[in-house]
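Presented sequentially are two complexes of subunit A, the first with subunit B as partner and the second with subunit C.
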Partner chain A sequence: MIISLRKLTYEDLKKQLSKEDKIVVWACNNCVRFCDGFGGRDAMNNLADQLEQDGFNVIRRELIGMSCVLDLVHLRAIEDATREFFEQATVIIPLTCEDGLDNLKMVFKGKKIIDVPKTVGLGILSTDWHTLRLTIPFEDTGLKPTPEGMPLEEAAKQLGIYAGPFVTK
Partner chain B sequence: MKRVYLIPNRCLGCEECIEACAKEHDWEARNYVLWIDMVYQVQLRCAHCENAPCMLVCPVDAIKKTEEGIVTIDEAVCIACGNCALVCPFGIPRFSANTKKMIKCDQCIDRQREGEEPVCVRNCPTMALQFGEIEEYEEEKRKRTARRVLQAGTYLRDILMPQEG
Partner chain C sequence: MGAVTQARSLDELKSELSKADRIALISCNTCVRFCGTGGVERMEELAFQLRKEGYSVTDQVLVTAACICDYTQRARLSPGITKVIALTCDSGWTSIRRALPNVDVIKANRTLGIMIVSPSKGVIKLMKTYEAYKDRLGDEFELLTGKPKSEKLIPMEE
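The block that comes next holds the complex of A and B.
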């Protein structure tokens, strides 16, 4: 699976939003769900709840099976159930990998897509760990590949970014 | 009768089927993805059984089979007693807090009547959900097995490998 970390803290994220924004919290429910819970339903709901508590206007919580499948992203823009939300939205917060981010930028042109994710390599999910570990980091990270893998929190620390969800409850 | 079939080793548990189902059915999904040991996932939905136990135990005959063979709940008649949920071997019918009725998969009967496949099948990114006649599915499986037998040659133990995706 793909390993994605996040470049921003919740405070950094808030600085990129205004109270007038119509926000969509977009969460992928595949690899990033296991990246210490960076994506998935819980991360999406917790972030959206916190934003609403802080006075922001979240108009839609969108969970998608795979943001890396362009057709599925495009479907959201055209199908009756969701089209209106995305027409209204001014900002999309992606809890995805960078591939998902690129697809969002491609489909929702003209919307502000916050640059949240940093994809750092590939990892393995095991019944022993119950979470992903980074086993094959991308070369540009400077991290070394190891068969036993590296916990994502440690990888994030070494790269000066963050792992896991924006908000935990 | 056409049914939705799951090829388990293709399913990644992304829950796109659930999201698609919710959008098609007033934001209430009628299928499930269950995670076992947080690593293995199983998608569950109504099997539209031939001799459906839910239909047999419904005291008000709210559950009927359509001419296409799809088992549906008539929400106008349902009294939400929950008998269907108790007897379903898959645990599919559930109580809707919105409608105060029992709900379950209707295999997107409206879409089917317009010649389209159910939304869960349309949206499944790995094609783990297939829609077709059981005979087509069985024939396809036989063809896959025949290919494996051919590939395996004399190493018969190889053909006992789990099914290919």
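The block that comes next holds the complex of A and C.
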């Protein structure tokens, strides 16, 4: 599975939003769900709830099976159930890997898509840990491959970024 | 979802095997299937090629996702296996090595990077690469076979 970390804190994220924005919180429900809960339904709802509490206008919470499948992303732009929300949206907050981010940029041209994820390599999952660990990092991270896998919090710490969801409850 | 992989040649694999080895093939059935480098058919094909050349392939095991350790830990192999060939990405290979620490695990594939997929266009596209494959960034491959596409069907975002 793909390992992704988070470039921003919640405070950093808020600085990129305005109260006039119409916001879609977009969460992938595949690899990122297991990246210490960076994506998935809970991460999406907790972030959207917090943004609403802080006075931001979240117009849609969109959970998608796999954001790396371009066709699934595109369907959101054309299907009756979702088209209107994405036409109205001014900002999309992706809780995805960089592939998901790239697909969103391709499909929703002209929308502000916040640069949230940092995809750092491939990893392994075990129910012993209940989360992914990084085993095959991209070389540009400077992290070393390890068969045992590096906990994502440790990887994030070494890179000066963050692991897991924006908001926990 | 995942990793873009390309198969190593049969000669490369043979250079890491001997005719005395008892060989097990373990294949992932997720990303590698989209790349044509794993799944039942690819595993059958490789087993056939190896047997034809006199190698002893005793086990073929398909796991749903090799990067999930729970699957690789539950893979039951015959006694006396000396080599495992992993039809997986590097991440799956790591998982198999953890599960079988006393057996030599050979990579059947090279892992180039990560992909986006478009079933309607029938392609996968390499979006971020490991250092050795930097010049392949943006390459597209036919979905399920992994054959390189000459014409690009998905434009890269500038």
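Everything that follows uses one rule, which is that the second predicted complex is superposed on the first by the 169 of 169 C-alpha atoms of A that agree within 3 Å, B and C clash if a C-alpha of one lies under 4 Å from a C-alpha of the other, contacts with A are read in each partner's own complex, and residues count from 1 in each chain.
As a convention for this text, a contact is a pair of C-beta atoms (placed from the backbone, for glycine too) under 8 Å apart; a residue touches a chain by one contact, two chains touch by 3 or more.
Quantities reported herein were computed from a predicted structural model and do not represent experimental measurements.
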Overlay on subunit A: subunit C relative to subunit B, clash or fit: fit
Contacts of A:103 with subunit B and subunit C, given as first, second, both or neither: second
First, second, both or neither for A:66, with subunit B first and subunit C second: both
First, second, both or neither for A:30, with subunit B first and subunit C second: both
Contacts of A:81 with subunit B and subunit C, given as first, second, both or neither: first
Partner chain(s) touched by A:126 [first = subunit B, second = subunit C, both, neither]: both
Touch count on subunit A, higher of subunit B and subunit C: C
First, second, both or neither for A:147, with subunit B first and subunit C second: second
Nearest Cα pair across subunit B and subunit C, whole Å: 5
Residues of subunit A that lie at the interface with subunit B and also at the interface with subunit C: 30, 66, 69, 71, 125-127
Of subunit C, residues touching subunit A in the complex: 1-3, 65, 67-70, 89-91, 94-95, 97-98, 111, 113-121, 127-128, 130-131, 154-155, 157
In the complex, subunit B residues that touch subunit A: 12-17, 19, 23-24, 37-39, 123-125
Of all residues in subunit A, those that touch subunit B in their complex: 29-30, 41, 63-66, 69, 71-72, 75, 79, 81-82, 125-127, 130
Subunit A - residues contacting subunit C, complex: 1-2, 30-31, 66, 68-71, 97-99, 102-103, 105-106, 119, 122-128, 135-136, 138-140, 147-149
